[in-house]
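Have a look at these structures, which come just after this line.
Heads up, the next two complexes both have chain A, just with different partners, chain B and then chain C.
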Partner chain A sequence: MSNLLQIHNLTKYYVKQVGWLKQQRICALDAVSFTVRQGETVAIIGETGSGKSTLIKLIAGIDTPHAGSIALNGTLLKPYDYKSRCQQIRMIFQDGLASLDPQRNIGQQLLEPLRFNTDWPLAKQHQHVLATLERVGLLAEHFDFYPHMLASGQLARVCIARAILLNPLVIVADEALSALDPSIRAQIINLLIDLKKEMGVSFIFSSHSPELVRHLADKILVLHHGKMLEFDTTVTLITKPKQPLTQALLHMENLRKSV
Partner chain B sequence: MKTKHGIYYQFKAPSPLLMIWREFHANPISVAAYYLLAVIVLAMLLAPILAPYSPEWQFTDVIYLPPAWHPEGEMRFVFGTDDLGRDILSRVLYGAWYSLGYPLIATFIAAFIGTTIGAWAGMSRGVQSSTLTHFLDVVLTIPSLLLALVIVAIFGPSLHTVMIAITLVLIPQFIHSVQNAVYTQRAKEYVIAARLNGCSRSYILRRVIFPNITSVIVVQLTFALSTAILDIAALGFLGLGVQSPAPEWGTMLARSLDHMYLNPWSMLLPGLMLFVTVLSINILGDNLHRAIQQQERLS
Partner chain C sequence: MNPILDIRNLTIALESPEGPVKVLDGFNLQLAEGEIHTLVGESGSGKSLLAKAILGFIQPKWRITADRLWWRQQDLLAMTTSQRRAITSQDMAMIFQNPASYLDPYVRVGHQLEEVMMRRQSTRLFRRKREQREQLSQLLQQVEIDDIDAIYTSYPSQLSDGVAQKIGVAMALAHRPKFLVADEPTSAMGPYTRHQIYQQLARLNRDDGMSILLITQDLTSMMPQTERLSFIYCGQLMEVGPKDELLSRPRHPYTDAMCKMSFLDQSYPAKTKLPTLPGAIPTSQNLPIGCRLGPRCPNAQRICVQRPELRMSNKRQFACHYPLGDGDDNE
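Moving on to the complex of A and B:
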């Protein structure tokens, strides 16, 4: 298996206005580089404010980095080039309700990526959307539903459907599962694992939950204040973590039990 | 799109617009205002059929005639006649064209121009956007009637000038509210999702942002309409707007003011119509706004 996604020296600042003319730079990501192979699942863990969301946003293309590059299959991705990026990298949003337009029904919103990225006839687009809805465990009649009529689990499924619609190479998710109930969360995790097996897609996600990370991830990336602390396979990091922070993050449930 | 409906969901998904309408329809006051305005608009459109006489025809034998229910009134002139013997009912009906029709046209033109510029300003960022915002803030500090007065004072009083003045005065409010709405919408997650779907900018503006800011535009539209009606009437009252033979409500009020002690009736109908029209438009706008907010809270 070859390297699919190469991330090199990715750096991002947030500029904060201090007083009149003075600006303070807050470093959200500091020279992060790693590679993801095809079909690999990478978990990004770290404390709140360690740059997990920023990294996900940069990979998905919502934000542009100040330095560094993201290359997919050896070709560099240009910032703001959504047309070519969105066919290969798709994002699952955290809040299903907020990321779906309340004024249009599910079907119209799922047709959108097909309309702009394929030259299929309309009938084929409809068919593909219905097939995808069924693939993520929804019914064909959900096509006509508006987002506020669906439950949170169904919304998460719609978001996943939107992500897999274009058969991407990479799917990124920013705490996509943290807002769900435990039982629904388990269903969605199983769905993601099934889809990953079927499609051979690389999955990059950030999470606060050590159980989920250990269950799902092949590799773990530990961020601390925007710097990459460790990047290794899950087994190595669980058994022989080099940093105390990794140890703390991955064995949080021990802490919880002791409290 | 036709889908087979299963056993679980037996209702048809109501669209957000339909839900707003239902919410709006549940309130009796808003429904009353809605039908009142509908009747007024209908009367305006059917004025040539409904009006018994021409608005400018002078019956020299019946000057200062009180309404029909008054002992001295005549059934021929239901609301009486004015100082030149013109039928007040006909004048008010035809006057609706000046006092409601022209404000409507001015409002829609202003809404179109203002929404276009506002959407452009909302989608742009940096110097372009902030220049426009600050310029508009300066314009918005001047009261609309004063601004209209200045424009009329420069170009001279006539119907065209008043129309242009009112339209120009209304545009900044539309730009301001639409720009703000677009700006807030741009940060929403579904707009970001649409951007990540590879949609073009114009598609995002038309299909994603615009349906979500319709509420803002509709509410602004009703407020602008009542402003336009009042401004045109005020300009007419001051003698700066539509000129005298034309049966504009504000002009009629100003004229009847001179004969208030001789014939107080001639003030009644134009003033009442102005009051009822503006009141129903304001109630309509308020309740529409409330219904839209309610629907947004539910969804």
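Moving on to the complex of A and C:
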């Protein structure tokens, strides 16, 4: 297995206006470097405000870093080259209803990435969308549905369909599973496990829930105030964490049982 | 001992074009003084509606009927609005689910907090600013907010969701209530902050004897100190009982599924499929008849279109025709 995604010294500041003329720089990410192999699942954990979402946004290309580089399969990704990036790295957003257009039906929204990124004839595009809908456990008739007509679990499935439509190399997700109900969340986890087995895609996700991280992830990245504390396999971090914060984040159920 | 809150057969019906819909159907709850009770239910199960019905934040088009809705042996449904408001403002408090909905976007957070404090001690009109500020900082320290000055002068839109929720907790605790209804109080917080807030609530429970009804969506965000658990699905009560007993030996299929889906069993191998309930949660327009879990239940039979009676069994109650486990009802 080769290194698929190489992230080197990724740095991001946010600028905050303090008073009239003074500006304050807030470091959201400070020289984060790690590599992701093909087919690997990486979980990003950390407290609120530790830069999880910023890192995910930078990988997906929603935001541009101030320093550092992201390389996919050995080639550097340019910050404004959306076209090639969105074919290879796709994102699943947290709120399904908010990330879909309420005025267009599911089919139109799923056809759009194919229209911009492939030169297939329309019939083939249609066929591919229908096949993808079936693959994520929806029916062909959901093609004509509008987002408000679907339940939360179906919306999550549509978002996953949109992410896997172009057969990407990497899928990133920012807290995509935390807002779902437990029974629906378990269904979506099962779907993700299935899809990962079929497609061999690398999956990078951030989560608050230690149980979920331990169930899904091969490797865990621990962030604290924008700095990378640890990056290692799940088994190593659970059994032998070097930092106390890792211990605290991954062993919340001990806190639950105590008291 | 008499429970401080006694709810028997509470039904809330909402108006809809097809006639009234029972969003909460025959709910029972007995809360002893100083007890921590957790209510677990997925979205659309009517748990927020229940909280509002207890505190009396009712809209006129809701039809609320109950055999009993008693607070300290007084019938809440027979009271006038002003009587009920007196009880609610003195003894009860609620932490609301959505921080954006209870903070006024135009008023600084400090001012909103001051208003709550003023109501608590209305006898002294001319209180010195400094004294009030001290009390406020004490209150904010309780909910683990350190940067008090910055919070004091900021507007709600400038706060993150987690901090806004902490402000909500502080506002609810300002009265020192006897009974706290917490409707998903920590949904926007990380696990560590959640742990701190729960510890604070548990301390108040221990020292002041505050009873807590915690409402959550998920077993993983339950309070560890909780004594009893209720599972509710689509407005129907599934199972009630002591926490340890329910989690170790669930009798109702829904309780069993929730335990398995919430990763409580650490021995479950990683990267394998989770057991889950098939299908989606029904909307309030098309609720199934009889037991509402029926279409998704693995054990459902034809008789499940009839509503099962609530059965008593050794400190716990459950409503199911085909309960799990062998019949140890006589223990």
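In this text, the second predicted complex is superposed on the first by the 258 of 259 C-alpha atoms of A that agree within 3 Å, B and C clash if a C-alpha of one lies under 4 Å from a C-alpha of the other, contacts with A are read in each partner's own complex, and residues count from 1 in each chain.
In this text, a contact is a pair of C-beta atoms (placed from the backbone, for glycine too) under 8 Å apart; a residue touches a chain by one contact, two chains touch by 3 or more.
Being a predicted model, the structure only gives us computed values, none of them experimental.
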Touching partner for A:Leu212 - first (chain B), second (chain C), both, neither: second
Contacts of A:Ser183 with chain B and chain C, given as first, second, both or neither: second
Which of chain B and chain C A:Glu141 touches, first, second, both or neither: first
Touching partner for A:Arg25 - first (chain B), second (chain C), both, neither: neither
First (chain B), second (chain C), both or neither touched by A:Gly61: first
First, second, both or neither for A:Phe93, with chain B first and chain C second: first
First (chain B), second (chain C), both or neither touched by A:Lys83: first
First (chain B), second (chain C), both or neither touched by A:Lys16: neither
Touch list for chain C against partner chain A, complex: 42-43, 160, 162, 189-193, 195, 199, 202, 217-220, 222, 224-225, 257-258, 261-263, 266, 268, 270-277, 280-281, 283, 296
Contact footprint of chain A on chain B as seen in their complex: 1, 3-6, 9, 12-13, 15-16, 188-190, 192-200, 203, 207-208, 211-212, 296, 298-299
Partner chain C, residues of chain A touching it in the complex: 47-49, 151-154, 181-187, 189-190, 193-194, 208-212, 214-216, 234, 248-249, 252-253, 255-259
Chain B partner contacts - residues on chain A that touch it in the complex: 60-62, 82-83, 86-87, 90-91, 93, 95, 98-105, 107, 109, 112-113, 116-117, 126, 139-141, 143-149, 162
